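Two complexes follow with chain A in common, the first pairing it with chain B and the second with chain C.
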Partner chain A sequence: MVIPNDEAQLLTIEGLVAGLIMLTTAFFIVGTASVYTPADVHISDMQTEQLGFDALRVMSVPYSYGDESELEEIVSEIDLGGVNETTATLQFRESFSELISSGTGATTIVDSFNFSSSIYYVDSKEVLNKSLLYNAENYARRPSVSTGRYVLSEWDGSDSIVRFEVILWRE
Partner chain B sequence: MERMNDEGQWIVLMGFIVSVSIFFLAFLINQSVLVGQTTSEAVLEFPKTEIQDVRDISSEIFRIEDNATKNTLTDELALLSLTRSNAVSELSEGDTDSNSLYDYREVLIHFSNGITAYDESYLLFTKR
Partner chain C sequence: MVINIVPGLFVGIKGADIDYDAVAYRTSVILMEDPGSPSDPGWEYLESSDKSDIERFGLSLSSESPAILSEKKVTGFFNQGNFEFTDGDYRDLAIFGEIDYNFNISLKVTDGPVYYAGSPVPGTGYGYMRRLGLIRNTPSAEIDCGEYNTSTVDVNTTSVNTGISFLFDYDEIINAEIPVEYRINPLSESAAFDIMNFSSSLNISDVSSVKLTKVRYYKDGSLVPLNYDRFENDTYLFSVDGVNYTMGSDLSADDIDLLNSDNISYLMFPPTPFSSQADSELKVVMNITYEFSGNSHDHSYISGDFVYGYGYDYVAEPYLTPVVLEVAIW
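== the complex of A and B ==
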């Protein structure tokens, strides 16, 4: 069989291959764009949660071996009530804010973090909670992450385990 | 077939190499988005900090000598963990032994939040 005009076969193949490469590249580039929807906030939430846990962890490490940690002290002071409670609440607010926004020390990190915290404790097989009131409404806002830590401290007159919980969110 | 004009072969080859490398880079960027998302999801899913927390408190509890206190504390921990973290956190004591320098007891940790189950035993040393 005689096929007329078959001179440009290599050019045809080249054209096809070039077309394929361009198509696949375009496919990858278009697929790369990702839309950040509200359902994706867990990516940044993860960092917030870790920050909260770390701050609580730092606060529950005593300065020297055998001492009470700052968090333990705060919990037992809150248990005492009255002026001790107010002072301890403010101390927690100050220390925790400082930890979650600590930069080099010479710079102030401007951030919109806010938090509210409460202590969960067991009273005759029931879990009750006591909020640390530094704002009157004790509100929180969504999306928020919850972090917490168990503390072994004096509570209701005896050694108890309480769970110190902090809800963190960005205003 | 009659030979065509075949003078630009190096140019054609370079063209292929360049396009393959662009293709490769596009592929890398494409994957990086997915990697960021799946990693953070995996990290969120795994209760690392909860386990650390239970672990830290376990040594504090089992350094206490009084058995009644220990039992009360482990019960409180189990209840708090169930209500607040939706997880089972059971602490118990295994064997005890001692050598000339240390008393040591085995601490058993069981943690499970339905997705991740974690069991550990370690020896808690107290200087004699």
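== the complex of A and C ==
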């Protein structure tokens, strides 16, 4: 059967197909998109802990072969007591604060850390601890992290392994 | 049909949370605690044309010494060496991940230089990690001639053929008992001698001429046959007051006049000759000829045998300096 004047029918089919192609394209483009959003930031504790650990590590490595490390020296001086202990404790507080507040200048460092430290040691099979002088005291009121390092040093008159622990928090 | 498709359009959209802090942490660990890949010999010794052979960055000296960085890796990484790294290289080899992160990596040596890579850090909204560590300083020998103008000949002598030599006893230098961060390693790092204040330490009124005639290598006491009068700038760099020379021919026309020269510097690139033969000895000898004019008192001149090794006050042995590394990702 011949239908006269059928051009409109062809144009309609063409229009539908074009519409389908456009829809399919849009479907594929939009369908594969991902929207990225920053996630919750909750590892600041880990950053603080890593920083404290790094600082203790830097202090317990000798700068030249055969030298004593700074932390080793501080521990043995603290063991001596008296003026030696006072000087060594102040030296520790100064060196440690300087390390944890150092930056490259690329970002602004918020230097609000405070810390408290103690030395754990074994005496007659008992683990004892000695708090350092000039410790800041209010860590119980802040979220704090603990970090530590074993140090081989002169302690109680003989070479011993003691654990040097630091509790760190932001004021 | 259209009504069917439209709701399906948005089904494929997925949200992805990016923890920028975690990416910054990962990058800081890769840089501080890993020697990178290839690691033996390290990526820092590749030719700049072989940049594509680098699989991963890492600044640590070796896998046994995390947080102790190699000076050569640091300068190479921050484009201060022979490489030219692009932002894309840093993304592919240090930051990783499918997303093109913006980043800023910076490192400061205490009382020393600061290095940067990447874009300036925005005010807020970036992931961040700060790490502390140590950097190993490359050893070198510095001879201050003021302390060594001590050799003498009697008043009637008019000329002396002598020299300054440097001895590499590889058996002593490559001492495996010394931890890698404090060990001198001529296989993988340059060895430098700087002779300073040469002419200003001489009694100039007494000396009419000083000439450096040649520099020669001796292995276990015998002369090493080489084309000494050619520039071999990938194995050594020999300069007097900043001007580069070859090691010199046997002709007197090639002698270098030292009468007004203060700084003589000899730098050997790794591996230094014969350092792979652990029981061998290399001696670098600079032959120097003095002529004296005065005749009122005994003549003094500079010469000496110097050992490149541990425990000599003119050798700056490898030592460590604290560094801080900051990584920002956004």
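A few points about this structure:
In this section, the second predicted complex is superposed on the first by the 115 of 171 C-alpha atoms of A that agree within 3 Å, B and C clash if a C-alpha of one lies under 4 Å from a C-alpha of the other, contacts with A are read in each partner's own complex, and residues count from 1 in each chain.
The definition used in the following text is that a residue touches a chain if its C-beta (ideal position, glycine included) is under 8 Å from a C-beta of that chain, and two chains touch if they have at least 3 such contacts.
Everything quoted here is computed from the prediction, not taken from an experiment.
Looking at the shared chain after the overlay, A:Ala55 reaches chain C, while chain B stays out of its contact range. By the touch criterion stated above, A:Val122 is placed in contact with chain B alone, chain C being left untouched. When both complexes are overlaid on chain A, the residue A:Thr25 reaches chain B alone and has no touch with chain C. Of the two partner chains placed by the overlay, chain B and chain C both lie in contact with A:Met46. Once the two complexes are overlaid on the shared chain, A:Gly148 sits against chain B while remaining clear of chain C. According to the touch criterion, the shared surface of chain A, contacted by chain B in one complex and chain C in the other, consists of residues 31-32, 34, 40, 43, 46, 50, 57. Within the complex formed with chain A, the chain B residues making contact are 1-2, 4, 12, 16, 19-20, 22-23, 26-27, 29-30, 33, 36-37, 40-41, 43-44, 49, 52-54, 56-57, 60-61, 64, 69, 72-73, 75-77, 79-80, 83-85. Residues of chain A that touch chain C in their complex: 19-20, 23, 26-27, 30-41, 43-44, 46-47, 50-51, 54-55, 57-58, 61-65, 99-100, 102-107, 109. Chain C meets chain A in the complex at residues 1-2, 5, 8-22, 25, 67-68, 99, 104, 106-108, 110, 114, 116, 121, 125, 127-134, 178-179, 182, 310, 317-322, 324-326, 328.
On the side of chain A, the complex with chain B involves touching residues 6-11, 14, 17-18, 21, 24-25, 28-29, 31-32, 34, 40, 42-43, 45-46, 49-50, 53, 57, 60, 120-122, 125, 127, 147-152, 159-163, 165.
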